[in-house]
Amino acid sequence: MLLLIEQILNGLQLGLLLFLLAAGLTLVFGIMDLVNLAHGSLYMIGAYFAATFAALTGSFVLAAILALGATLLVGMAVEVIAMRRLYGRDHLDHVLATFGLILFFNELVRLLWGPAGMNLPLPGWLNTSVQLLPGLQYPTYRIAIILVSLAVAVLLYVTVMRTRIGMLIRAGASNREMVSALGVNIKLLYTLVFGLGAALAGLAGLMQAPILTVQIGMGENILILAFVVIIIGGIGSIRGALIAAILIGLIDTIGRSYLPDLLRLVMSPRGASAIAPAVSSMLIYALMALVLIVRPQGLFPVSGK
Amino acid sequence: MSARLTLRNAVVAGLLVFLVLLPVYVSHGGNPFLLTLFTRILILAVAATSLNLIMGYGGMVSFGHAVFIGAGGYAVGILAEEGVASGFVQWPVAVAVSALIALVIGALSLRTRGVYFIMITLGFAQVLYYVTVGLDRYGGDDGLTIYTRSEFFRALNLSNKTTFYYVCLALLFAVIALVWRLVNSRFGLVIRGSRSNDRRMQAIGFPTFRYRLVCFVIAGAICGLAGALLANHTEFVSPAMMHWTRSGDLIVMVVLGGLGSLFGPLIGAVTLLVFEESLPLLIKSLGTPIFGAGAARAAEYWQIVLGPLLLLIVLYARGGIDGLLKGGRRG
Amino acid sequence: MADALLRTEDLTKHFGGIVASDNIPIAVAPRELHAIIGPNGAGKTTLIGELTGEIAPDSGRVFFAGQDITGVPTYKRSALGLARSFQITSLFLDLTVLDNVALAVQAHAGHSFHFWRDARRDKTLRDPARTALARVGLSGRQNAVAASLSHGEHRQLEIAMALATSPRMLLLDEPMAGMGPEESARMVTLLRELKRELTILLIEHDMEAVFALADRITVLVYGRVIASGTPDVIRANADVRQAYLGEQEAVTHV
C-alpha cells in the first residue's frame, strides 16, 4: 500500500514534468500551428545550462534561475532565426526542419560540452527525505518538483485566463487570423509564446537533471511522450495537457513498477523487466490511439479554428 | 519516365553507370572501402525507395519506417541463430514478417493523417524498439551477431563482397522498376490522387483506406528486404537499427534526393552517405593548411552542418536535388 | 412525389444550438432541374453534406432511386449514381486536367488493384474522360496542370469530373460561384444541355441562372423549407420575397 502511494507520487511528479514540457508544445502547436520536434532539444539545453551554471556558481537555485533565462533567450533566438519562416507551411516541412534542428543541437552540445554528459548534484538541503506517512519516506526534491510544477501550472493558468496577454494567447489558439486582424503585433506574440514554451521545457529539463540524466539526446525520448500528451489532451489546451500528462505519468510509473511482477508470471525475470517499458509504452500509445479514434480533437479541445 | 537528354537524366545515367562499374574499379586497385560504403548506400537506397513510395507518392509521412529494417534484419538474425541459414527461407520470412507488421501498424494508423499519423507511426516504432530490447534471448540491447551470411546456391556466395554488391544492385534496380510501374498504374494513381486530395477521391467513389493500406504494406515488405540485406552486410542486428532517428535518416535521404521522384531516394542515399564520409576528410584536408590542428577537430563535428542544411533545403530547395537538377521547380 | 429520384424525409441536423437542417423534405423528380436557394447561413452546405454522406443527419432519411441511403458512406453513393461538384474548388491540383477526369472514370471502372499497366495509356479510362471534357468545353486544356486553370475553368472541370462518373443525378454546389457574366452564361448553356439527359439538384445564388434553368425551386431559410414550387410560384410568393429578396421588389429579370 505504501509502495503504491510512493508510486503514485512518482507518477504525479513525472506527469507534472511532462506537463511542463507539453504545455509549451501545445501552446506553440495550438497558436502557431507549428510542429516542433526540437522542443526536446530545449529541454536538453535547459539541463546542460543548469549543470554548467551550478558548477560555476555553486548554487543550485541560482543555476536554475540562470538556466531558465538562458533557455528563454535561446528559444526566442531560435524562433526569430528559424521558426518564423515555417509558419503556414505543411506540417511535413515543420517535421523535417525541426528534425534538422535536433541534429544541429545535439552536435552543438557535443561540441560545447563533450559527448560524456554531465551531472547536476543536489545541494544538501534538497537531498533529504521527508516522512509523509508512518513508514513512508519520500525524497524532498521530488516533493519540490511537484510543488514547483504545480505553482507553474497555477501561474500559467492565471496568466492565460486572467491577463491580457493570456487572452491574446487563448484567442490565437482558437482563431489565428482574427487576432492578427485585430492589429496585435503577432510577430512579437509568437516570439514570446515560443520563448515561454522554451523556458518551460528548460525548467522541466533542469528539474529532472539531478534525478535522471544530463546527456545528448535526452530530449528525444521524452518528446514523444509529450506529443502523446498533447494529442490526448487536445491541441492548444493547457488544461488538457495537465490532465493528460498526469494520467500518462501515472500509467507509465505504475505500469513500470507493477508490470514486471505481472509479466514474471509468464516470462523470465530478466525478460520481464526488459520488456516492461515496451508494454507500458504500448498502454500509453493504445490510449492515444483510442482517443484518436473516439475523440480525435482530444479530451479538452480548444473550440473554434 | 522520359528519356530526353536533360541534365537530370544525364546525372542519373552517370550515377547508374558508376554504380555498375564500381566493383571493376575496386578490383583494379581502387580503395576496397568504397565497395563497403556503396553496398551500404545501395541497401539504404532500397529502404529509402520504399519510404518514398508511401511518403513521396502517397503523402504518408511515417516516422517509424526503420522498424521494417529491424524486422527484416531480425528475421534473418533470429533464423540464423536458430540454425536456419538458407536465404530461401530467411529472405521471404523477412519480407513476410515486415508485411505483416506493416499491415497491423497501417490498419491502426491510416485512419489518421498529418502530424497524428507521424506521431502514431513514431509510437509504434518505439514500442517495437522496446520489444527488441527486451528480447534477451537474441541479444537484447547488445544486439545479435550473425556468423554466416544467407546461403543460396553454391555459386552465389554472399560473403564475397563483389557478389553481394551486385546482388544488392540488382535488387535495387528491381525495386525501382517495381515502384515505377506501381506509381503509374491504376493503383498508383489512386495513391497519388489520395495524396493530392483524399476527400475528393472519396467523393468520386474511391474507398481510399484500403488502397493506402496495401501501399503501406508493400512499402513495409520492400523495406523488410532491405533489412535482410543490411543484416547480411553488417553481420549484426540490434535494436538501434529501428530507432526512430534511423527513420529520420531515411526521411532525410528521401527529401534530400527529391520527394516523389523515382531516383530521388538513390540520389539522397548516395549524397548523404558520401557526404558523411567525405565531409570530415574535406574539412580536414582543406582546413589544416589554414587552421592547423583545429581543422581536424572541427572535422569531427561536421554533422553540425547537416541540421541547418536540412532546414535550408526545406525552406529553399523543397524539391531536393532532383528538383534542383530539373531547374529549381519546387517539389 | 412517389417516383422522386432523390427524396429526403424530415432531415434534421443541429450543430450545438444552431439548427442547420430543420425537418427538410426535398423531392427531385427524374430529369428535372431542381434548384435550392436561400440566404447565406440557410443550411444549403449542410444539406449537400447530408445528401452526399459527409454529414450524418441527427434524424430523418435520404432516399435515392427508392433506396434508403441514409447510412451509406460517401464513396458508395457515388457508385450508386449520385455525383457532386464542390462549391470550393476541390481538385487534384498537381495533376493534369485529363488526369483529374480520368480518375473520376477510374473510380467507377471496377477496383483499382492493378499494379502494372500504365493507367495513363488505358483507353477505357482516357476516352470517357476526353468525352466529358469535350462536353464542358475544356478539351483544349486537357494536358494543362489543374492548378494553372482559371477559376471559371476550375468550375467547368468540376462538372466534367462529375459527368465522368456516368451519374444518374448531379448535385451542383454553387457551380457559378465567383464567375463573371460571360463564364456564367456559358455555364447556364451547359447546364441547359445537361438538363436534357440528367437529373440535377442545383444550389445557387445566381438568381438569373436559377430562374432561367429551374423546373422547380425550393427555398431554404434558417434550415427550413419555406416554399417549394415552379419558378412563377416562387417569384410570386410573399414569404420568399420577404425573407430572401428583401423588402423592396428586387424582381429578377429573366
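In this document, chain identifiers A, B and C correspond to the written order of the chains, with residue numbering beginning at 1 in each.
By our rule, a residue touches a chain if its C-beta (ideal position, glycine included) is under 8 Å from a C-beta of that chain, and two chains touch if they have at least 3 such contacts.
What you are looking at is a predicted structure, and each value in this text was computed from that prediction instead of being measured.
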{"item": "Most centrally placed chain, judged by C-alpha centres", "value": "B"}
{"item": "Most distant chain from chain A, judged by the mean position of its C-alpha atoms", "value": "C"}
{"item": "Between chain C and chain B, distance of the C-alpha-averaged centres to the nearest whole Å", "value": "45"}
{"item": "Between chain A and chain C, centroid-to-centroid distance (C-alpha), Å", "value": "49"}
{"item": "Centre distance in Å when chain A and chain B are each reduced to the mean of their C-alpha atoms", "value": "32"}
{"item": "Contact set on chain A toward chain B in their complex", "value": "35, 82, 85-86, 91-93, 95-97, 99-105, 107-108, 110-111, 220, 224, 227-228, 231, 268, 270-271, 274-278, 281-282, 284-285, 288-289, 292-293, 296"}
{"item": "Interfacial residue positions of chain C with respect to chain B in the complex", "value": "52, 73-76, 78-79, 83-84, 86, 90-95, 99, 102-104, 106-108, 112-120, 122, 125, 161, 165"}
{"item": "For the chain B and chain A complex, residues of the former touching the latter", "value": "61, 63, 108, 111-112, 114-116, 118-120, 122-124, 126-127, 130-131, 133-137, 140-141, 244-245, 248, 251-252, 255, 301, 303-304, 306-311, 313-315, 318"}
{"item": "Complex contacts: residues of chain B adjacent to chain C", "value": "181-182, 184-190, 192-193, 196-197, 199-208, 211, 214"}
